[in-house]
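Chain naming follows the written order as A, B and C, and within any one chain the residues start at number 1.
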Amino acid sequence: MFMLLVIMWSLEAWSGQAAPPTGGPIADRIAAAAPHDTVRVEAGTWTEPTIVIDRPLTLLGEPGAHILGTGGYELLVIEADSVTVSGFTFSGVDRTFMEDRAAIRLQDAAACRVTDNTFRDVFFGIYMARAADCHIENNTLQAQITSETTGGNAIHAWYSKRLTVAGNQIDGFRDGIYLEFTDDSRVTGNTSTNNLRYGLHFMFADRNAYADNVFSDNRAGVAVMYADGITMQRNVFRRAWGASSYGLLLKEIRRGEVMDNTFDGNSVALLVESTDHMVFGGNTFAENGWGIKLMASAIGNVFSDNTFRGNTFDVSTNSRTLDSSFEGNFWDTYEGYDLDRDGRGDVAHRPVTLFSVLVERHEPVMYLHRSLLVDLLNVAERMLPVLTPTDLADPQPRMRPPL
Amino acid sequence: MMTTLVRFHIKNALRSRWLVAHFVLYLLITEGLLLASGASDKTLLSLINVVLLLVPLVGLVFGTIHQYNGREFTELLLTQPVRRSVLFGSLMAGVALPLVASFALGVFLPFAWHGGVTWYQGVRIGTLIGLGSVLTTTSVAAAFMVSTGQADRVRGIGTALGLWLIYAVLFDGAVLLMVTTLGQWPIEKALLGVMLLNPVDLSRLILLQVFDAAAMMGYTGAVFTRFFTSATGYLVAGAALVTWMVLPILAARHRFLRQDF
Amino acid sequence: MENVRKSFGDNQVLAGIDLQFQRGETTAIVGPNGAGKSTLIKCLLGLVRPDHGRLLIGGLNAQHNAAARRLVGYMPQHAEFPGGMTGRDMIRLVEELRQEDRAPDLSLVRTLGLGADLEQPFRTLSGGTRQKVSAVLASMFAPHVYVLDEPTAGLDPVAGAALKDHMAAERERGATTLLTSHVMADLEELADRVVFLLDGRIRFDGTMNELRELTGRERLERAIATLLEGDAA
């Protein structure tokens, strides 16, 4: 018994509370700092109540500086403009259903930078509310949540604008990056994997751009909903796998661009619902269950110069009349010819097969995939369309994938 | 006795032209696909279609014709001191084994000399060859049932073709009808059970699980994937395959033992 | 055989046949097509199962009985062999299947002039040559009972004569022979006894001489024609 007490006591001492190396708690040092000072924090484990930064300054963690919470509170709250937090490891924020408890919260802050930090076992990572012109860069955020309802988001923004989220590595949250009512922001060069909901999630967020990100193994890929003027370029959407999993889900979007992205091995690479006047160009859809699921509510979209390869269904739709157009895509299922050698097929390609229509109506028809019956029905339907949309066709498909 | 007869039948098969033709058929198909698109998934998927179509067709039609052609000889052997069950076993093995071997080699060899096959693709090719072998055996046994039950060879070959049509197309037609009429009920699980009743569909679904899992999404896909990746699923599918080999053989044997020649 | 009956569907092919054959006796089974000759033979060979009655060969049940079939040598009407195999392969196969302790008697090979043909695959051989191989196979273990279905069909006259000589010698040895043939000369030459079948029943059973007396005809085919007419009347 005595031994046990000694061990517990020594653990307590070792875990850090009693051992802030020198200079006292971080909160005290911030209270003592003048605006625009740099506060350095040396290596060690710092456990103290929520640290509030209420003046513009730079908080710099030296290698090994670790801010550890005991679980029930947020670690760092930034309430001033022009604050930089860099070089720390954050951990020890328990999940709760009462609030969006985050490791770092930026509240009504502008021109802040959160860079080069590591987050482990936190509920929310970085939470921005009414933030503007902030940079969240090169952070590493890891969590291992087990269910969608009990997880938080790695980088979360609400009613913010002109954010830059770049170069972060995110793994295992609910949403990797979540932007709600957040406009004019850029999300670039991030890697967001193994999140239980979306790798990236936009809601009611206009004029945002995201490029060169990698989203893989997220249960439901990337979702962009209720947004205007979104640009999506050169991202990789990989292995969004399982029931109702999408590489990229677009819903209620207008006037955006989806260019030069790669969709690889997703159950559904791209779901387009109630989306109008979008341009989809130069994307590669490879080895997906569905390349594009185009809902009847989508209008005026243009799909050009995309490559479709090895998908079970290139395009499926739940409607017979469609208002979107396909121009000059490469389809590996194209069976036409190019007599005049201009690189374009001489007969139109109809990417929607009867089978995909039947599956859309009665899912269990899926069991007949690759059966002779289905092949025969598809051929018959191609010759005499009854159920498939007659106007969904690529009049001049490419014979070779665009470079 | 059994080995003597099996050896005799296999020796005859090795000296016959049909076996060479059968081997060359699969060799050319596989080689052609490999030359067209390399050791890719596309090649393997095309091979699936070929195997699911051609293997039962060849097994049924060839098995039936072979039995009719060998009928006099079978009678001659029956007048020798040989038990009917032994003779049946040797006849069955004498057709099924060479067919399986020439099919398997015809598909395997082009991959072997083209090379560039990943371990993962190797597993897929193995599955394909394994299922093709099962289907060959099943369809040869079915052919024996047809030829023992029907003395008239034209009608016998017609019956064999009819059987193929049923298993390759009509059965799926009935499934399609069932799904579209009962679509509002949750029939996914029942449907899996129905698919076990057709060895061609069963093989197709197993290959689908191995090759094309991306397509299997939604509730149907979840039911499907859960079934085919679970221990129970393996057991049930495996047992169904074995049943599909053993049952036609036993039925054909039963008929053969009671047959008047 | 005792009260053997057999029907295929509604069609009664054998309507109660009782027959006994003696050692060294050669019996010709005759009758028009469809009279039940082949079915009778096939019953004896165990190829067809009778619905009723029993068949004994040398005291052994002919059905499901490998031992009974060991006593029988059979020459079918059309001998068909796997095209890839040779006569030699067949002889070896039958040797292994019969599992006799004695060496096979292959004297017929020379008598019938087979020789080099034994090494050729069957697909290159004529029907007559195949028939010769069939004769060799039937006789190679000196069976107690011969069942010969049109034995000389397809054989050239020389080989036919040689085969008939062989059969005569076998009769001397004590072999029982059942014979069908459309070649009346063969029957007259070989048969001691004639069984005439019509519609699955025995219409006549007696020696050649009895048949001649009954019908007043010297030639067998005439005698049979007379029997047929008598039936029609």
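Methods note: a residue touches a chain if its C-beta (ideal position, glycine included) is under 8 Å from a C-beta of that chain, and two chains touch if they have at least 3 such contacts.
Not measured: the values here are computed from a predicted model.
**Student:** How would one label the connectivity among the chains shown: line, ring, star, complete, or other?
**Tutor:** Line.
**Student:** What chain lies farthest away from chain B once each centre is taken as the mean of the Cα atoms?
**Tutor:** It is A whose centre lies farthest from that of chain B.
**Student:** Centre of all protein Cα atoms: which chain's centre is nearest to it?
**Tutor:** Of all chains shown, the one whose C-alpha centre lies nearest the global C-alpha mean is B.
**Student:** Roughly how many whole angstrom separate the Cα centroids of chain A and chain C?
**Tutor:** 87
**Student:** What whole-number Å value describes the gap between the mean CA coordinates of chain B and chain C?
**Tutor:** That pair's centroid distance is 41 Å.
**Student:** Calculate how many whole Å lie between the centre of chain A and the centre of chain B, each centre taken as the average of the chain's C-alpha atoms.
**Tutor:** One centre to the other, that is 46 Å.
**Student:** Spell out, as numbers or ranges, the residues of chain C touching 2 or more other chains.
**Tutor:** Answer for chain C, listing residues that touch two or more other chains: there are none.
**Student:** What positions in chain A touch 2 or more of the other chains?
**Tutor:** none
**Student:** Which residues of chain B touch chain A in their complex?
**Tutor:** 41-42, 45, 48-49, 52-53, 168-169, 172-173, 175-176, 179-180, 183, 187-188, 191-192, 195, 201, 204-205, 207-208, 212, 214-222, 224
**Student:** Provide the residue numbers of chain B that touch chain C in the complex, in ascending order.
**Tutor:** Counting only chain B, the residues touching chain C are 1, 4-5, 8-9, 11-16, 69-73, 75-83, 258, 260-261.
**Student:** Of all residues in chain A, which touch chain B in the complex?
**Tutor:** 241-245, 265-268, 287-290, 310-313, 332, 358, 361-376
**Student:** Considering the complex alone, what residue numbers of chain C touch chain B?
**Tutor:** Touch residues, chain C against chain B: 8, 42, 45-49, 66-67, 69-70, 72, 74, 76, 78-85, 89, 93-94, 96-99, 121, 134, 137, 147.
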